[in-house]
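Letters A, B, C, D, E and F name the chains as they come in the text, with residue numbers starting at 1 for each one.
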Amino acid sequence: MGSSVYVINPNSSQSVTAEIDKAVSPLRSVDGPGIVCLSLTEGPPGIQSQRDVDSVIIPVLRKASELEDSAGAFVIACFSDPGLHALREQSRHRVFGIAECGVLAALTLGQRFGVIAILPTSIPRHLRCFGAMGVMVRFAADLPIGLGVAELSNEDRALSRMIEIGRTLKDAHGADVLVMGCAGMARYRAALEAAVGIPVVEPTQAAVAMAVGHVRLSQASAA
Amino acid sequence: MGSSVYVINPNSSQSVTAEIDKAVSPLRSVDGPGIVCLSLTEGPPGIQSQRDVDSVIIPVLRKASELEDSAGAFVIACFSDPGLHALREQSRHRVFGIAECGVLAALTLGQRFGVIAILPTSIPRHLRCFGAMGVMVRFAADLPIGLGVAELSNEDRALSRMIEIGRTLKDAHGADVLVMGCAGMARYRAALEAAVGIPVVEPTQAAVAMAVGHVRLSQASAA
Amino acid sequence: MGSSVYVINPNSSQSVTAEIDKAVSPLRSVDGPGIVCLSLTEGPPGIQSQRDVDSVIIPVLRKASELEDSAGAFVIACFSDPGLHALREQSRHRVFGIAECGVLAALTLGQRFGVIAILPTSIPRHLRCFGAMGVMVRFAADLPIGLGVAELSNEDRALSRMIEIGRTLKDAHGADVLVMGCAGMARYRAALEAAVGIPVVEPTQAAVAMAVGHVRLSQASAA
Amino acid sequence: MGSSVYVINPNSSQSVTAEIDKAVSPLRSVDGPGIVCLSLTEGPPGIQSQRDVDSVIIPVLRKASELEDSAGAFVIACFSDPGLHALREQSRHRVFGIAECGVLAALTLGQRFGVIAILPTSIPRHLRCFGAMGVMVRFAADLPIGLGVAELSNEDRALSRMIEIGRTLKDAHGADVLVMGCAGMARYRAALEAAVGIPVVEPTQAAVAMAVGHVRLSQASAA
Amino acid sequence: MGSSVYVINPNSSQSVTAEIDKAVSPLRSVDGPGIVCLSLTEGPPGIQSQRDVDSVIIPVLRKASELEDSAGAFVIACFSDPGLHALREQSRHRVFGIAECGVLAALTLGQRFGVIAILPTSIPRHLRCFGAMGVMVRFAADLPIGLGVAELSNEDRALSRMIEIGRTLKDAHGADVLVMGCAGMARYRAALEAAVGIPVVEPTQAAVAMAVGHVRLSQASAA
Amino acid sequence: MGSSVYVINPNSSQSVTAEIDKAVSPLRSVDGPGIVCLSLTEGPPGIQSQRDVDSVIIPVLRKASELEDSAGAFVIACFSDPGLHALREQSRHRVFGIAECGVLAALTLGQRFGVIAILPTSIPRHLRCFGAMGVMVRFAADLPIGLGVAELSNEDRALSRMIEIGRTLKDAHGADVLVMGCAGMARYRAALEAAVGIPVVEPTQAAVAMAVGHVRLSQASAA
């Protein structure tokens, strides 16, 4: 039986997948489950709208189905957790969503979590997710960095805007822990945490850590 | 400009669509918007799993796109509200989901709402929806009738089981209003209400009533 | 049996009633229930205090009692929903309150609702209502326009203040839908919506739309 | 300036008022504020319906207005807290409602409170109150004793039914503290507590204790 | 049997205890329970950190154990309520915490409570407490005055900073009642209330008022 | 710099610590952080009361202080998470509590979590914890197995009682995931899950998995 943790980036961006791969690399061990990060070829270049989220669910399920026999767990690496519940239904393995795990990890690090979103239009979608999770009592605010694609690719500009939003979440909204509201931004995590002065959760790392733990435990249990 | 209320039954069952059409018929008026009920040809015969829910979203969006110019509002007639938020994003018209509207209507009729589900596996999905709606404080319980297809088609058996579940929701869980957790069951509404003794909401009627009201108001506003 | 929707404005202001009548006019159809808007002669000129709210309940019940036989549904057209639950107890018809229906309609249009109140002293009363409704998880903020009677009658001044408050609700409190926290202001709705850029619910329209739908359905059911 | 605590029983029953007077008697001290319990002559013999609740508000306000100059605080001694917020608005003294204070006192004695109601129809009204108070997270259940007037006057029958309901609240609903959901039943409190084995709050005592404390503090502050 | 209300200040500061003693003095009556305020000799000079809170629990229990036979009730006079639940478990008397009682008293005076904390690091601790109490729906905000020890001892500076924070809680966060988030500051209460214009609760007074009421009632019950 | 995950069992039972050690053993890897499980010599044989919980906090802090330099993370292995927040304050490492992590893990496996407690007296303490965590919307119920020490040591008896309680949580309270409400019971997890038919979380495993993930990530970050 296989036991890899498959991290499915539901967009087609190889650079985002590469960034995720690098971010979760410390979670690999010589005697532990493999961690395989992959893009969804048929996914859009980025997942921005609710339509984008919904449109990748069936492809995610199809891809996961192909991987089922060699899988130990799945991670869906998009902050809208597309297909999370459908894949839980389909697979005999556990499935982790990065929005869900990112927020749960944040709950161990502060009393009120703030979220840094890329786009303003994602925020109601995030709120529905947090409502379904039942954690709105712990919610401080969710604010967008509001940069266009060109500015986002400028690393200095992107980081300085994240820091600005992080400080607003902390100072004006009372957040004492932050969650990065997207995949593929792990490289900013440490600098953001240092600048704002409160813990920052990179959600893909949070999800993969839980997935690896699960695979190790279930393998032992099955042995 | 068109102004029909399109009621999209995302499964392919013509008999369910016919039942919906009959249920909402009293909401038609000679000088009001048309109410057009239609099945999704490419939908599954019934929507039972999360995969079923997710798989109809893109077809629902495509169908709605075709209807956009003649539409005044859309109603998604499945108690899992598939595509609700994506269609809100896509269309310039208002979009009503029957789970959302059924529950909201119930909030005007009692203090704690109970839901009669068809299948036990739908219940966590319903709870995520109610959580995202932020109405769990008003929630009594959601219980399945737990009948197979054969028994469901036996009307006496189906009704008596609904009554049994309705009484449990009222007596053991404190519900003082019930929501029918699916489309296509309007024919049981009155009998169920009479037998249990608390109001029963048929969610397609609730949603179409809101949609018709909206179309009338927006037409006047545009006039 | 009668079937009119009676919209009871519990204050004695004929101009407010006229404004309501005009606002709900598009909901009338040639083959549908009548919609009759009326003032409560013995009501105060305006309902501002909790005492005002409480003092009109018995007169509302008395008026509704006179209308019971010709009624199909009642709407209480004051954003404090005076007598809502007592009238539900008294009447065999359904009763809709505009605060309740206005907020429920808003829940279909955005994830966090903001309320524009006339007076600061109304806000705790609104919050008790929203708490009893169990929808505080969806609440953004409730802010008063804070104009005196003289300024309120200046339409330009009133609208520009509503827009200012609407923008604050959106920008500082994260509201993505607004509810007008009083009856009789429908004439500002479209301009307010256009200026703030998020949906605005006029609560009397929301309540009457639900009431009309109900009467049509219950007449068909009784036929 | 006066400083009496006026305990207004908004029904006209002298025997209920006498029972309240006896219940709060230990809270009188030789150097403390007077505690004066009175019936509302124009109130109904008992307050059972929402209409009863609403109909006593204006008389309560009128009575309180007469007492304003000699008052230090008001207690409204009916578990539906009629006129609580209107009286707070009207009076320059603090106003305590027994439902509010009874529940707040219970929150210091257990983690989940159960309520013993007289009538089933009171329960949605209680839930709206607890929702407005924002304490539904601590709520276990509210169950009616469901006795007719004749049986209620049979003390053995009334007590044994309260004990039965109290045990159900504890065993089936997880309550670890009980609130008596009406005034005038203080004579059963100790026996009920002993029989069920969890604390029982008599709400008039809870409210008057808070009122007395407030009067003492405000007199000192004014001195 | 004894019946004193013991107010345990778990820090060793005699001046804080003296301030508490003065604050609760109006609650003493010639025929009522004694109110004895005492410092915990082995406590820290002030309770600032979670460690401080946790470190005084066993000493509080030990002190209360010595006082058990002469006690009628205990009040723990620190806004983190150290040992509240352990003492409830240990003692046959009722135990009141000032954070719990201060917030509960505030719920009778406004719809959204704001808290004035001394230190920013106390705020997550307060939020955990309010979450465990289940009252976060009523919570406006908790803000620190952020003064060093030297500035705190400057009464004018301390009061003006409290007023500034109180106004922010009211104006920016919608608080309509304030709770002083520490013991030993009763002397500022009236001035703060006057300056901010909304009620201010001094939590030790709130707790001792409830304790005195309880002792009077339980003595009568035992008599 | 050290990087061990220290799992502190705050009771003195070596057999419980041995059970924990075995339970978390699959989370060890040859190139990962050490996982060291230890008993608190000065702890009580078992932690049952709130006093027990509170009394071990200072010893936990002292022990953790000794281990600080060689630690990468701490896990507090008692379902009341004693000292969780004080240790977070004291240590520069992350601290995980098994109640917190067990519940958070459960939120990824079902929509409503049920808890199997050992003692009835622990339940209000658990509820306060879940309330402070803000997850009560997801809570189904918490029920005690209610066995004495003698019966608990009978493995067949203990397991059959857990299964019975697990089934009640599922069937009567709607739980679709269970959390074992204590440390040291990992050996029953698989059998319980198989018998009840819904996922069962062993909380020590959940916490250590998160801790190991964190240490790996922070070491890489520091490298």
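Note that a residue touches a chain if its C-beta (ideal position, glycine included) is under 8 Å from a C-beta of that chain, and two chains touch if they have at least 3 such contacts.
Chain by chain, the UniProt names read as follows: A, B, C, D, E, F = Aspartate/glutamate racemase family protein.
Not measured: the values here are computed from a predicted model.
Counted as hops between touching chains, the shortest connection from chain E to chain F is 1. In this assembly, the chain whose C-alpha centre lies farthest from chain D is A.
One copy, chain C, sits rotated relative to the other, chain D; on C-alpha atoms the angle is 180 degrees to the nearest 5. Of the two chain pairs examined here, B-D and B-C, the one linked by more C-beta pairs in contact is B-C.
Work out the mean CA point of chain A and of chain F, and you get 25 Å between them. Taking the mean of the C-alpha atoms as each chain's centre, chain C and chain F sit 51 Å apart. Chain A and chain C have Cα centroids separated by 42 Å.
Shown for chain D are the residues that touch two or more other chains, namely 124, 127-128, 131, 133-134, 136-137. Under the stated contact rule, the graph of chain-to-chain touches falls outside the line, ring, star and complete shapes.
Interface note: chains touch in the pairs A-B, A-C, A-E, A-F, B-C, B-D, B-F, C-D, C-E, D-E, D-F, E-F.
On the side of chain D, the complex with chain E involves touching residues 25-27, 29-32, 94, 96-97, 100-101, 104-105, 107-109, 133-138, 190, 205-206, 208-210, 212-214, 216-217, 219-221. Those residues of chain B that touch chain F in the shared complex are 123-124, 127-128, 131, 136, 141. If you check the complex, the residues on chain C that touch chain D are 49-51, 53-55, 57-58, 61, 83, 85-86, 88-90, 121, 124-125, 127-129, 131-134, 136.
Residues of chain E that touch chain C in their complex: 110-112, 137, 174, 176.
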